[in-house]
Amino acid sequence: MNLEALASCLSSSACAVTQISTALIIGMLLFMVASGLSLIFGVLGIINFAHGAFYMAGAYIAFFTYQATSSFLLAFLAGALGAGLIGVIFERFIISKVYGKDILMQLLVCYAIILIFDDLVKIIAGPEYKMMGMPDVFALPPLEFAGGFVPAYYVFMIVASLSIGALLWLAIEKTRIGKIIRALAINPQMVGALGINTTLLYAAVFGVGSMLAGIAGSLAAPTRTLTPGMGLSILIESFIVTVIGGMGSIVGALIAALLIGFTRAFGAIGFPLFVDGIMFGMMAVVLIIKPSGLLGREIAR
Amino acid sequence: MMKAGFLRDLFFAAVVLIVLIVVPFIFTKPSLRDFLIYVMAYGLLAMSLNLLVGLTGLVSFGHAAFFVSGAYMFGLLMQSGRVSIPVAILITVCGTAVLAMVIGAICVRLKEIYFSFITLAFQMFIHSIILTWVSLTGGDQGLRGGIPRPPFFGIDLSSGASLYIFSACIFVACILIMRQVWQSPFGYTLRLIRDNPNRANYLGVDIVRMKLGVFILAGAMASVAGVLLSLFVSGAYPEFGFWTTSGEAIFMIMLGGSQLFVGPIIGAILLRLLEHFVSIYTEYHGLVLGVVILAIVLGLRQGIADYVVDFLQRRREAKAAPAKEAAFVKKRIA
Amino acid sequence: MTKTTKGISRRRVLKGAGAMAGLAAIGAPHIAGAQAKVIKIGLPTILSGRVAILGTSSRFAVQLAFNQINEAGGINGRKFEVVDRDSKGRPDEAAKVTRDLINNDGCDIIIDGEASSGSFAVHEVVRDLGILCLHTCSETSSLTADPKLFSKNVFRCARQGIHDAVAGGSYAAKIAKEKGLKKWATCSPDYAYGRDNTAEFLQYAKMFEPSIEVVDQLWPKLFAPDYTESITKLMQVKPQAVYSALWGGDLVAFIEQSNLYRLFQNTAYFSGGLGDPPILTAIKNLPQGLNTAYRYNNGFPGSPENTAFCDAYVKVAPHEPTNWAWQNYAASQFIIEALRRTNGNTDSSALAKEISGMTVKKPFGGAGITMRDSDHTIINYPVAWGKTVSKSPWVLDYVDTEWSKIIELEKEWKKEKGYA
Amino acid sequence: MADPFLHVEAADVYYGASQILFGIDLAVEQGQTMALLGRNGAGKSTTFKMIAGLAPPRRGKVALAGQGLAGRPSYRIARAGIGYVPENRQVFPDHTVDDNLIVAAKKGPRGDHHWNRGRIYEVFPILASMKDRLAGRLSGGEQQMLTIARTLMGNPDVLLLDEPSEGLAPIIVQAIGELIKTLRGMGVTILLAEQNMHFCLGIATHATVIDKGQIVYRATIDELRHNEDIKQRYLAV
């Protein structure tokens, strides 16, 4: 434990800026993955343990698109939409068969999908590490803010994630379709009886949730290594985020993702050995005090 | 009644034990023994978890925490060289029971998926302790240097055959204990809690205490499974306590069936066989296993043993149905 | 795209239709006779998950070696069959599949393609069953250096951490002296190998250049996808040089993420794991002048044997040989040569007796690689450090370390550790 | 004679293995207000759920304006013109009153959209005054008004009202009654499930009595008013 280092970091603007940006960098990708997880749980009542597979799918699709086209924009869009599409197919043909079944059935189906996806990636892309590489647009020296340095790509990543998060929030809170989706989360039968095609809506929500994971994957592709099984590590952390933030709450996911981001960024300086323990500890404490998470509702179903 | 039931169980247990011991002497290939010991260890883990999942409706995602605690406690005790094997097992089971009591006291108050989450959190916490506390546990490399098996009461477990027989005896004893719980008034109270907690509450059942009781019991049984495995592989590894191990146990329950007492064992055998043969033929065993899981979940929609039991019951009912329907019609007309 | 070229059938055809019959099949005594002519090599390794390349590149090398000998007519008329099995990187699974390979598949010899933790588990099994085994991937020094773990049938045909630490330490000390690098930091994965490797490197670097001072040590998690917090921490500490034991995909991510911060503009980088072709080629923007240990290079040592090995390997694998590939290839050579000497007798102790002290020329030529008989680990393999360049062959200017110096310091280290 | 506007014929409904409805026949003409009367558990709600597609019949048929509905998903039935108002006032509690209406807005089966929020607030002035309040915070009567209004937003041809008076104070019940009368006056076709016969007397034109999952009596409301036997047997509390 080195609280002195922590204090001295916080008192220097250079250090504070760099570490705060670090927290955002870590937090934002987690937020993207966790918000999708949270959305799917909130509306469909499914804990999508296979969510990491969509993150992986997004990253690989972005990687191959970038190799083929050398366009980051296309790679990003392909990763996001590709993961979304796979999500819809997965929902229609598999997950929809276990709605309302006990949680173990859902868990098992997701486990099966993880196994299948990892092997498919190994067959299609091979077992070796892949790295997409930094697109030329972002091949700039890191930007300086108050003495601290933030790479240009990370600035883009943070802004993009926050914008997507804000769009998602606005869509859910302010648009008619968002209102319908919130209603769907609470009383799907009633929503159907009002003439709304709930089947389609479920597929769409699952698609958007997977798309968010795909977005995280394609945003991560230029800086993270692609391997079969890469979905696992991010799944565990985003799971912690979702539980802390409250299953079903987008804002909760944001707050919790930032909490984890700050814990890791400043933990690296002040208490490097306890970071992991603190994350699990926070999760346990939240579950004990408020099982539904910081901003979650008790489950109605 | 109880007594007759117990005698019958005892008889079955004796038969199973004899079969378990005799089979490897007929088919003498050592790999069969290896296979059976694995099935016993993982089967015991899955059965103990099913006390929570199938009997009480508590879906624990973190049951491997007790499996790993069993393996490490036992391994460390044996490596200390101060105790004999039976004493080490006794201490391990009691120690894990205490651990399960502490964790359970917090967990069983939570409902449904929150219970699942918090058990998962505790398991990951224990797993990260094992990884971090290198000086005690050996960190990611596990307990190294082998687990000594000093002879006791003239039994020397360093021979493969006696280790196997010892494991089979412990396994059958544990199954017998769990069977008694499964059939006892305590077991029926747990089923009531699973099916209708409000009614249980109304009848004056102390739900939290009952849940805690079965949680401790299941944890203790899981620790025995951990002991068996660590004795066999002569080591203990953090992976024993990773969430994938819990996942595997859940998978065994689902594969076999949660409502039949022996379902998880059937699941353990099926999964082990499946993995064994699939991994001989292809490195893409994940793909094959995944497809099999989907086929079972989406096709049968329940464990294989549960499916067979239901199927037989449906057939019996279908035979009895015409008579019943006639009676029903008569009643309506009247 | 992976192009999987299959050599001799690694899947056992004979298991056939009856296999699913279940328990009985496992229990059935395996058929002697015609099959006994085939010598089975069991290869437990990691074929799935994040480090699957560890196993697949090992498998390519082992298959290559035994295909070559099969094409040459086998040994004393006996052909080879390689049976591989996926351990998923789990030690308990590694123990189990190794037992299966021996007890069920009837493998005569085990080539252990496991990472460190799995190797210790396999080690217990082969020690228990008394079968010949060569560890080919674990670099953890204690695996063979610790006499408590010694087994007469078990060898290690892999780089040993302590050898590389001596070479790396002396190389780093020289550069530190030249460039005045005093402030050092480390950033290694938080597990046994990462910690041991880092400690050993620092020990020798400091021994050779006492002015080296370690200002900070960072321990990111193994298989962490993101190293940003470690990188920014390094930027706060501002060391002149960084040592890292990161490897594989983790290292690729670390280098790319560090590039974003231009970390290597003012900081010298010393890596134990960078010199592996799949890593070097995966990194899109490989900075020039990073220092790395030799893992494999098609131009070093510049011998015809090495070129022949590399050419044959890329014909069957989708990438150049890896560190694990040459180690496995060399291990196969030890086995083949030993069988030649025993005339195809697969008895473990007979083979072990031959392998002790044996020298093989493949794959590097020159004086060959020797299996030291005192502790069953290889010596005289390439231990060198070089600097990265931005295009193939990726690493140049390899600086050798005298093996006599390595062995001398290894002796002291063993004494220190109580191993000798 | 043409088929009735809303027509249920010989419909059987099962929950799992147990049969709930036995050969239900129902006919509601356009513009009628039909009361479906019966005791608690007689099968009124199940009948409604069957029509709305939430408890599809195993046998028999359901048709609206000659168009078969049985077996279709509930949203298709709603789009065909069935406006189902469930019992227990299932408002979306975390949505505002306004949002509850927005969620339900759709055109009628022939593209008509005479019901919109403006019109709703005219007809339900009490909702207009609290349109930004969360629906979960409304009183029971207000919630009942909201569920009716919400269903009207879908411009249905037939309104199925499941026990709108249940659990409400008499004065509120009266207000709901007035509201239904207003709707009737506007020409809305209504099927009204009730155990409270007196509530229906001033509202409905026709009555059907259901008991133990079977239709036992059909008449105009005036005939029922004077049939003491039926009232005693099937409706007395």
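For clarity, chains are labelled A, B, C and D in written order, and residue numbers in each chain start from 1.
Simple rule for what comes next: contacts are C-beta pairs under 8 Å (C-beta built on N, C-alpha and C of every residue); 3 or more make two chains touch, one makes a residue touch a chain.
Everything numeric in this text was worked out from a predicted model, so none of it was measured.
Geometrically, the chain at the heart of the complex, using CA-atom means, is A. Farthest chain from chain B, judged by C-alpha centroids: D. The centroid of the Cα atoms in chain A and the matching centroid in chain C are 35 Å apart. Per-chain CA centroids place chain C at a distance of 75 Å from chain D. The distance from the centre of chain B to the centre of chain D, each centre being the mean of the chain's C-alpha atoms, comes to 52 Å. Centre-to-centre separation of chain A and chain D, using mean CA positions: 44 Å. Of all residues in chain C, those that touch two or more other chains are 47-48.
With touch defined as above, chain D holds no residue shared between interfaces to two or more other chains. Multi-chain contact residues of chain B (touching two or more other chains): 286. Pairs of chains that satisfy the touch definition comprise A-B, A-C, A-D, B-C. Every residue of chain B that touches chain A in the complex is listed here, in rising order: 53, 59, 106, 110-114, 116-118, 121-122, 124-125, 128-129, 132, 247, 250-251, 253-254, 258, 284, 286-287, 289-291, 293-294, 297-298, 301. On the chain A side of its complex with chain C, the touching residues are 9, 15, 18-19, 21-22, 25-26, 29, 118-119, 122-134, 141-142, 149, 151, 153-154, 220, 222-230, 233-234, 264-265, 267-269, 272-273, 276.
Chain C makes touch with chain A in their complex at residues 1-2, 47-53, 55-56, 218-219, 221, 223-226, 228-230, 232-233, 235-236, 248-250, 252-253, 256-257, 259-262, 278-279, 282-285, 318-319.
Only residues 47, 94, 97-98, 101-105, 107-109, 111-116, 118-120, 122-123, 236, 243, 273, 276-277, 280-281, 283-284, 287-288, 291-292, 299 of chain A touch chain B when the two sit together in their complex.
Remark: chain A residues 176, 179-180, 182-183, 186-187, 189-199 touch chain D in the complex.
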